[in-house]
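In what follows, chain A forms one complex with chain B and a second complex with chain C.
After this line comes the complex of A and B, so read on.
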């Protein structure tokens, strides 16, 4: 009787399990297999080459640059968009009027297609006719020239935001933050609604008279679960950055914005080196898995957080 | 320690008036309960005293100083919330430390990790630890100090919340229905502990409750609020024996007072449901109410006098030491409750018809608007004669 009930359970779960195997597990296994071969699309035969792909991945300087570009991007974009998201959520939450208007404004970049937005940014950031450098050059011959960088730029021209390798990563990160923090803001706004009002009253009675004290004592700890989620999601999303790089820099100049996703695309699809592309994919998956495991662990640790 | 003075407090939420001109003097060291049915504005009044809400009109004075413009965190009051509002991420010890850290440490000393690098940190920390230890010993929660609120039972959380309020030695404690989340047995127990605590701390307690049993047992004085008005303030016995308003008489006392319609004729004679009430009204003529507490209705076996009502028992509640008899009173079948000893009520059960009579001199007379009416002085004489007859 019991085993039959168990069997029925598997039947009910079967469609989901089947789908998961077909569209998730099998492709990952295939990619894992391919990462140990020198396969390229169209080749009749597949040669097993062991860990050769991984070896070159961790030894060649171009791939090392790829990992560092991804880590720099995540390291800059994630904290900034989380901080800005939290700040915007706190500010909007303290408003009496126009809450929805501000929410919509900050959320717009999230909803917009990033590729389309990237083209807008490309125009805006154009070194000579872009609105940004035009606006900056309006400030020449004014007090702004007292800043040394500004004076020098007025003389020699404002930076090529997407062409100068010392500015590209910062520009890409800026667009990433601009695009991503609205999402974090919405998550934090949802988190803020679940903070019990009585705790603020208790904090006020206990003598927390400054906004900072109330934030430290109530808001920040109560947002803990939200923060764990936001951090994980933002880091994974930052690892996945691709559209802006593809549209604006193609990984350049000098591989300064050559992030992992772009690497997968360039190796696996443009150059038809499926083997090395799969190897990068596996490393990428390992990063994401690690982040997810850390998140699970943090969530489990806070079980009695009623 | 300080007395608290409320002068003409008005408060509305939108267009709904919640408090309609409250005047109240709370003495230093007094245990005052604000009691009333839900929605009467008692919690709002407490929150106005605390500074968590602001009155539209009126003055709040704590000690000698007017605190209308003083925010809650600067009023030196402690509050125990109905939900306890303990910080769930902090241990009981950290919860209790919080008010002291906020008062005795600078912003820099309170900074996490690097706070201990600032001068004076360790002295402050030591003093705080001492106070927390002392308080937790008084409340017998030393063993719980390392736990988080989520790992505590309702009663333990209650103690932790009390501890957090006590460590600061505030000038007054404000309690917003602190026992209502506990089970019945624990509530009676904590009631006794709160009374002890008040005796040993000798601080002003302002205690909001809708449970009149808590109010009657705990307070030095109780203030009955109904519909945003303060109807009567006085010691519990006074409010029970001598309510000045029909609503107070009905609210205080369990089971509820028997409030019977009455007619007062131009000679001052009072009749209710076909029976006369001993005593004469002085000034009032017309219809009103007679209130008789259940313990002041006595069973009599036959219709001895015009002061008796017929009584048909519809329900019998046996509480061990007392029996409450619910039934239909008089010809119109008005619902009445009689409190009797089990011996006297032994024979009675559902459907049995008998007679009841008010204990002379114990009836309360109210006019049609619910204001209390005095009896003529001659009542005492008459009362005396009845006693002599017996």
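After this line comes the complex of A and C, so read on.
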């Protein structure tokens, strides 16, 4: 019977192992190899060109813009969607009524196809007929004009949110935050249920009287593990932004929203520059690996001390 | 719900609380921003192009009948039609017959904005086909993921074999690789074997869910060994144990994983965008919507929003019906 189970082990794991190798490990190796070549699909020969792809990746200004666009996107979207997620979770958790209602509403964007909602946002943000600018222009000729930006916009028109270089990245980030913070909220809500109530009483006895003190001394430290996880997963998800960029800006205007996933898509798939696309892929994987290693390290350090 | 406080049940204390009110106001303002695009989407899908353009008619629009100009253009009587009508109206000139026929055409092409938008959504592009493709792809992905992951998870948790720990280490390592990130090499591999623009291309990269294996393995670890030993004594094969003993115990975890998987792949746009080029018959719903946007002109806002509504609604409705399960499923990735 024991040997039967032994063979079953191999048989049962074999398909998964095989697929894991073919679908996950081999592609990474292929990308690693191709990133040192000038390969393109349909081209019979592959030339080894050393680190040339990586050199142009790190030296050419267009690729530098790509990295900075990705970092700006992550740098804005991740903190905001984590902060708003935590804020919403704390507020909802402290409510007496309607908790589930707010939770459901804030979670809606997570469920909806991002591509579809991106297109809806594009309509809502349409410079002339979009509901946002129409609503904003209702505020003209009122006290709102005392804000200089508002008065100027009333005179010269409200911004082209997706066409004006100075607003596009902010708009794409906004859609990212809108879509993602509900996810972080439910993770934090789950984290909050595991904070023991006695700790708050203990903190109160020790003189933590204000809500801020209770948050600082009890809630925040107890949410540590949740935060480490939320930060990692939000950053990795933000690095993968693609749908909004492809549908709304195509990386523009002037490459201000040319993020890495879009770079892989445009260079590797559309322009058939497989070498450079693979190099971007490798840098991307390195980012993800780095983030995860930092997360693991933080988690390990934590368990060590507690 | 674990977090519900007892005050909620004792609805007696109705005193006004400034801090509670303030919290509600903040959350309501947030809700408005969150709901705004859903409101725009559904509202535009109900209104006529004119109402959208002028931003009037409230949420539902006036639903005043409108003439579908494209339909009129299609129905415009040609020479043959006028000739055919000639004998019935011997006294009228060609011009007058044309006018008379046009009145009829316009009448037949008059419809309510809702009918116009949703009608266009389904006729202008094969939306039903897209939806069917979406169902086929998401469903196949989920079934294959389970068929592959369940036995492996069982082997990793309940069977003793050499190399088991090493393989589990590989699973943990592969958790690090986002499939979207390696899309380019996957695309090259698929096109080398001539599989781009097939259902297979949409499904294959997702057949292995290391996350599913990991999740199921963690779940199986909690299943008592006695249960499996009893099944073995009853003469069950290992294969039978996986599907007749382990599978039923894993239903809750499986359900959560199903939601996780279906939501991810119904909504996925990146991967289909890469492997499906041009062949409309293979478009998934997001691809179909994207194409609609690509070749739409101004009068298409309504039909496009109708398409978006049709694509987004199934998951939203399912979510509202089974909120807790969905939240559990989607945040599964948060399990440690």
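Just so it is clear, the second predicted complex is superposed on the first by the 286 of 306 C-alpha atoms of A that agree within 3 Å, B and C clash if a C-alpha of one lies under 4 Å from a C-alpha of the other, contacts with A are read in each partner's own complex, and residues count from 1 in each chain.
Just so it is clear, a contact is a pair of C-beta atoms (placed from the backbone, for glycine too) under 8 Å apart; a residue touches a chain by one contact, two chains touch by 3 or more.
The structure displayed is predicted, hence computed values, not measured ones.
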item	value
Partner chain in contact with A:204 - chain B first, chain C second, else both or neither	first
First, second, both or neither for A:138, with chain B first and chain C second	neither
Touching partner for A:108 - first (chain B), second (chain C), both, neither	second
Which superposed partner A:147 touches (first chain B, second chain C, both, neither)	neither
Contact breadth on chain A, by residue count: chain C or chain B	C
Touched partner set for A:51, first chain B, second chain C, both or neither	neither
Partner chain(s) touched by A:19 [first = chain B, second = chain C, both, neither]	second
Touched partner set for A:9, first chain B, second chain C, both or neither	second
Common interface residues of chain A - those touching chain B in one complex and chain C in the other	none
Chain B partner contacts - residues on chain A that touch it in the complex	196, 198-199, 201-202, 204-210, 212-213, 216-218, 221-222, 224, 304-306
Contact footprint of chain A on chain C as seen in their complex	1-5, 7-8, 20, 23-24, 26-27, 30-31, 33-38, 40-41, 44, 52-53, 55, 148-149, 151-152, 154-156, 159-161, 164, 167, 170-171, 174, 176-189, 191, 204-205, 207-208, 210, 213, 232, 238-239, 242, 263, 266-267, 269-270, 273-274, 285-286, 289-290, 293, 301, 304-305, 308, 311-312, 315-316, 319-320, 323, 326-327, 330-331, 333-334, 336
Chain C-facing residues of chain A, complex	1-2, 4-6, 8-13, 15-17, 19-20, 23-28, 30-31, 34, 41, 84, 88, 91-100, 102-117, 119-121, 123-124, 129, 131, 134, 178, 182-183, 186-187, 189-190, 192-193, 225-226, 229, 233, 236, 240, 242-243, 246-247, 261, 264-265, 268-269, 274, 277-278, 281, 284-285, 288-289, 292
Interface residues, chain B side, partner chain A - complex	50-52, 71-74, 77-79, 81, 83, 85-90, 98-99, 102-103, 107, 110, 148-151, 164, 168
